[in-house]
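Structures incoming, each one as structure tokens.
Two complexes follow with subunit A in common, the first pairing it with subunit B and the second with subunit C.
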Partner chain A sequence: MPMRPGASASGGASLLAAFRVVFVGGVISFRALFNWLNPYIYVPTMLIAPVFQILLFAYVGRSAGVADDGFYVIGNAVQYASIPCLFAMANTIAGERFTQTLGIVLSTPVNRVALFVGRSLPVVANGWFVAMVALFVGGRVLGVDLPLRVWPGIALCVVVASASCTGLGLLQASIALRVRSTAVLSNIVFGVLLVFCGTNVALDALPAWMAGVGRVLPLTHAIEGARRVAGGAGLGEVAGLLAREAALGVAFTVAGLLALRYVEGQSRRHATLELQ
Partner chain B sequence: MNGLRRSARVLFTLWWLQLKIVAVSAFDGILNVIYPLFFATTAFLMFGQSGNPEALVYAGLGAAVMGTWSAMATSASGALQSQRWQGTLELLVCAPTRLALAVLPVTAALATVALYSLVATLVWGRVVFGIEVQIASPVAFVVALAVTLASLATFGFLLSVTVVRYRTGWALGNLLEYPGWLLCGFLVPLDLFPGWVQWLAQTLPPTWGMAAIRSAAAGQTPWGEIAVCAGLGLGYAVLATILSERLVDSARRNATLALT
Partner chain C sequence: MSILEARELRRSFATTTGVLRRRTDPVEAVRGVSFHIDRGEVFGLLGPNGAGKTTTIKMLITLLLPTSGSATILGHDVVAEPRAVRRRIGYVFGGDRGLYERLSALDNLRYFAELYAVPAREQAARIGELLEMVGLAGRERERVEGFSRGMRQRLHIARGLLHDPELLFLDEPSIGIDPVGARELRQTISGLREQGKTILLTTHYMFEADELCDRIAVITRGELVATGTPAELKARVSAGSVLEVEVFDGLGDRLSVVEALPGVRSATVTTGETSQTLVVSIDAGADVTGATLDALHGIRVGRVVSRQPTLEDAYVELVGS
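Take a look at the complex of A and B:
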């Protein structure tokens, strides 16, 4: 139940309100703000484009004579989860600003953690779906045969990857409170993840400093985990990688929430909340 | 003669105006320089693993031209959508000139700015990866590049006019970015693809433009490839002009111009 400013609520009522904000508000916001849900946009951008990214790098790999197709299918499919995760999280701010509702949202007495965590859950689910479709279709097109038994493990790796990348998206959303060109920002972060996360060049083949940067970014450990699972490793063998990926996701989420709180205050002081 | 002069004036004035807008745009100007660098870097790292210096030079030249395709596929298809968001698309359509004359300079300005990306990628490859791209025939190289950019502008023109009628048409441009990188011979030799894909690639002007640029850089004769590239570019311009008239009629009938 929503609270009026200044009203007090019992612990149970406020918990219920937080749950409503997380689950109901999250889904409504996702449908309203992620305007790529139109099938004419969603299918080409979210379902077909990642397959072509896989094909591009698989063929570059063939041309350069390095690594096999499976390496690129898994790397690029998991990495493409970053597109929905980064863009949708940035839209939680930019979309509200565009429709001039950002001020209203931020002036509500709602719990900010519930507000933004709620908005991130559908994003994680969508990121997972996009990556899994890319993995399946990209694999079929290139003839990369992944046995049925490895799919649950890969699916778990992709869930963790999407969640940690959404954490980074939350941090980016805080920047979107001050930076108006969110599409530019999301594209640049996507590019950084493409180069540094071992997507197309294994970490041990990257220069040491780049591999070092990659290890503190989302996706890197999940991509490595997914490749190992595809190679026959059990979940126990990649648990450490997934734990590191999850820890990075939590760290980025906490950093994002703190940054949102700080930048929100700054935006109020500088009256920049609704600058288009 | 007066009509021709008026058309040339419209083309030049709009191109110059759009160039000034695009050059300072974060998305169409700055991102179009930075974004292809991520893909070029990845490609350089991949080709670097092969240990073949010739392959790296091949990638260096291809990656440099690759960014010009991005500028067209994504930015050109989004150009008129931006006008729609800003509420100026209706004014553009109502302008007392043919829509083709109003839209072609927009994509020509984008193609001009794509030169930033080309130069930036060449410099990036040279400074960071030590890739030395030798240009054996500079004059032919410049002509090949100019014709490639002009044909890209007409291809972008075709993409952009679809947005006049279909408000989700910009997604088509986003979708075409990777296929264009894949098919136009920027990083992958066409003979790695099946026959039907090679045939499809031959219908895209940048395939011929890239081949001409490589020929010019290697000191071979690129004029045949340049001619085909120019011919295809002209073909796309004619097709887009015809299509633009029909799509505007349809947009007026269905009242879709102002729909965001």
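Take a look at the complex of A and C:
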């Protein structure tokens, strides 16, 4: 066995190793830890449930006569990305407590940023997929016709939404790791996003403080952007919204990574994580 | 040359009791432990439950910071240079947890190969070699959730060796493994020693420690009470020999009578399935067989054996007091 990786890893080799942790490791850990990757759970919670949410609010909207069906289809489909983003992120990080692998993972030299960013990429992809399916199916059921040419723009808005929401998921996962519960927090954050992000009630119609909170949460700007694209706006017109959404995503991701670093440091000092 | 140096390691934990009136009491789990491990050595850390073995290991593998004291592994400080230390060590604990159940054995190994930065082109060969070594070749595509305890344990060991670490920490690797599996595990560990690996091993099985370890440290209540080769420990504690008497009735107050006999260092009773065994540790040169049997007069006695002390005898004396 004539090798000793890591010990002699040059800068280039360790960069390559970090890339592999992000892209190869990320996918393996998603398969390992995301408990819902089973058709009997995945299809009902990820593909069917969002349609109910869309229908509920669309019919409430119809009977109240506030907005057209398209408003609700887009709002709820994009907002539903938060279910996979929040829950899967909590699963793939705090779930290590149930497999009791956290101690082993933290005893490896892996670059923590690469480790956690890698774990979030499949979550982003999955969130995007869930929202796009919800949009398509929900639109079909309600007879909302989105012309073919607006789909690429909407798809881009959903990528940004899913990524920024996963950033919030990362922050939330660091807390879940510490407080030993994954689902409770995700449910609360989901509820907050449902109310504050202009999903069903436009920000202008919310009390000022709630609208203010909505503007610093993920999803709000992406939902707004997707609605405008669906209404015929060009990508240039929503670039500002998407940039703000992306900036929030980066901010939450950085906060999440710092929080995870803090949690690991605290655990080394005070044994606050159960590391087998 | 020392691969590992631990100097006066200490670690206390704050434990909280009570729900309303919370009180925090510090528990001193490790209280000033110093030892060193030389290259190529198998070093045993033995001690009763709660003695501080796992806590000591966690400080060495950088999962816990010492409250005070320091340790270096291959010249790297475990507090100041955790990444350098992590690259050079492997960590395996016993029991059937600590694996990704829904992944195959192969994917478990692949994942950790990435975390240990094993270069992509070397991974397949390395993983194949290790699967062969731990006897899991051919089963690697099965999900771990269907693995037996022994298979999981062997997979753990393969995982700990992926990056070819110089120093391997094995925390109770043989816990819950059947005798045949445990024997195979000992062979695996011997094989690693022959390859020149340095190993820190904890176990509650004394014959295992006797067979595998070059040197042993005994820890109780957070402090080392003895360090030496198995032979030195046996010689140092029980200078004499051991008399074992199988008895079929209750001993009552006879135990204290035997203990009081001249030449007797200590007497203990272990309970078996159909009988009890009186284990009498004797001073060098003394012969207490007759006197002991006299003391047991009227009690049904079975086999009587006089033998050399084992590591277990030494251990029981060391931690017993």
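The rule is simple: the second predicted complex is superposed on the first by the 267 of 276 C-alpha atoms of A that agree within 3 Å, B and C clash if a C-alpha of one lies under 4 Å from a C-alpha of the other, contacts with A are read in each partner's own complex, and residues count from 1 in each chain.
Just so we're on the same page, contacts are C-beta pairs under 8 Å (C-beta built on N, C-alpha and C of every residue); 3 or more make two chains touch, one makes a residue touch a chain.
Here the structure is a predicted model, which means the values were calculated and not measured.
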Partner chain in contact with A:Val66 - subunit B first, subunit C second, else both or neither: first
Which of subunit B and subunit C A:Leu194 touches, first, second, both or neither: first
Which of subunit B and subunit C A:Val250 touches, first, second, both or neither: neither
Which superposed partner A:Ala239 touches (first subunit B, second subunit C, both, neither): neither
Subunit B versus subunit C as contact partner of A:Ser29, first or second or both or neither: second
Partner chain in contact with A:Ser107 - subunit B first, subunit C second, else both or neither: second
Subunit C-contacting residues of subunit A that also contact subunit B: none
Parts of subunit C lying in touch with subunit A, wherever the complex brings them together: 13-14, 58, 61-65, 83-84, 86-89, 91, 93, 97-103, 107-108, 110-112, 114-120, 122, 126, 129, 159, 163-164, 195
Footprint of subunit B on subunit A - complex, ascending: 38, 40-41, 44-45, 48-49, 52-53, 55-57, 59-66, 181, 183-184, 187-188, 190-192, 194-195, 199-201, 205-206
Residues of subunit A touching subunit C in the complex: 1, 3-7, 9, 13-14, 17, 20-21, 24-25, 28-29, 31-33, 99-101, 103-110, 115, 267-271, 275-276
Complex contacts: residues of subunit B adjacent to subunit A: 26-27, 30-31, 34-35, 37-39, 41-43, 45-47, 49-50, 52, 55, 59, 166, 168, 171-172, 174-175, 177-179, 181-182, 187-189, 192-193
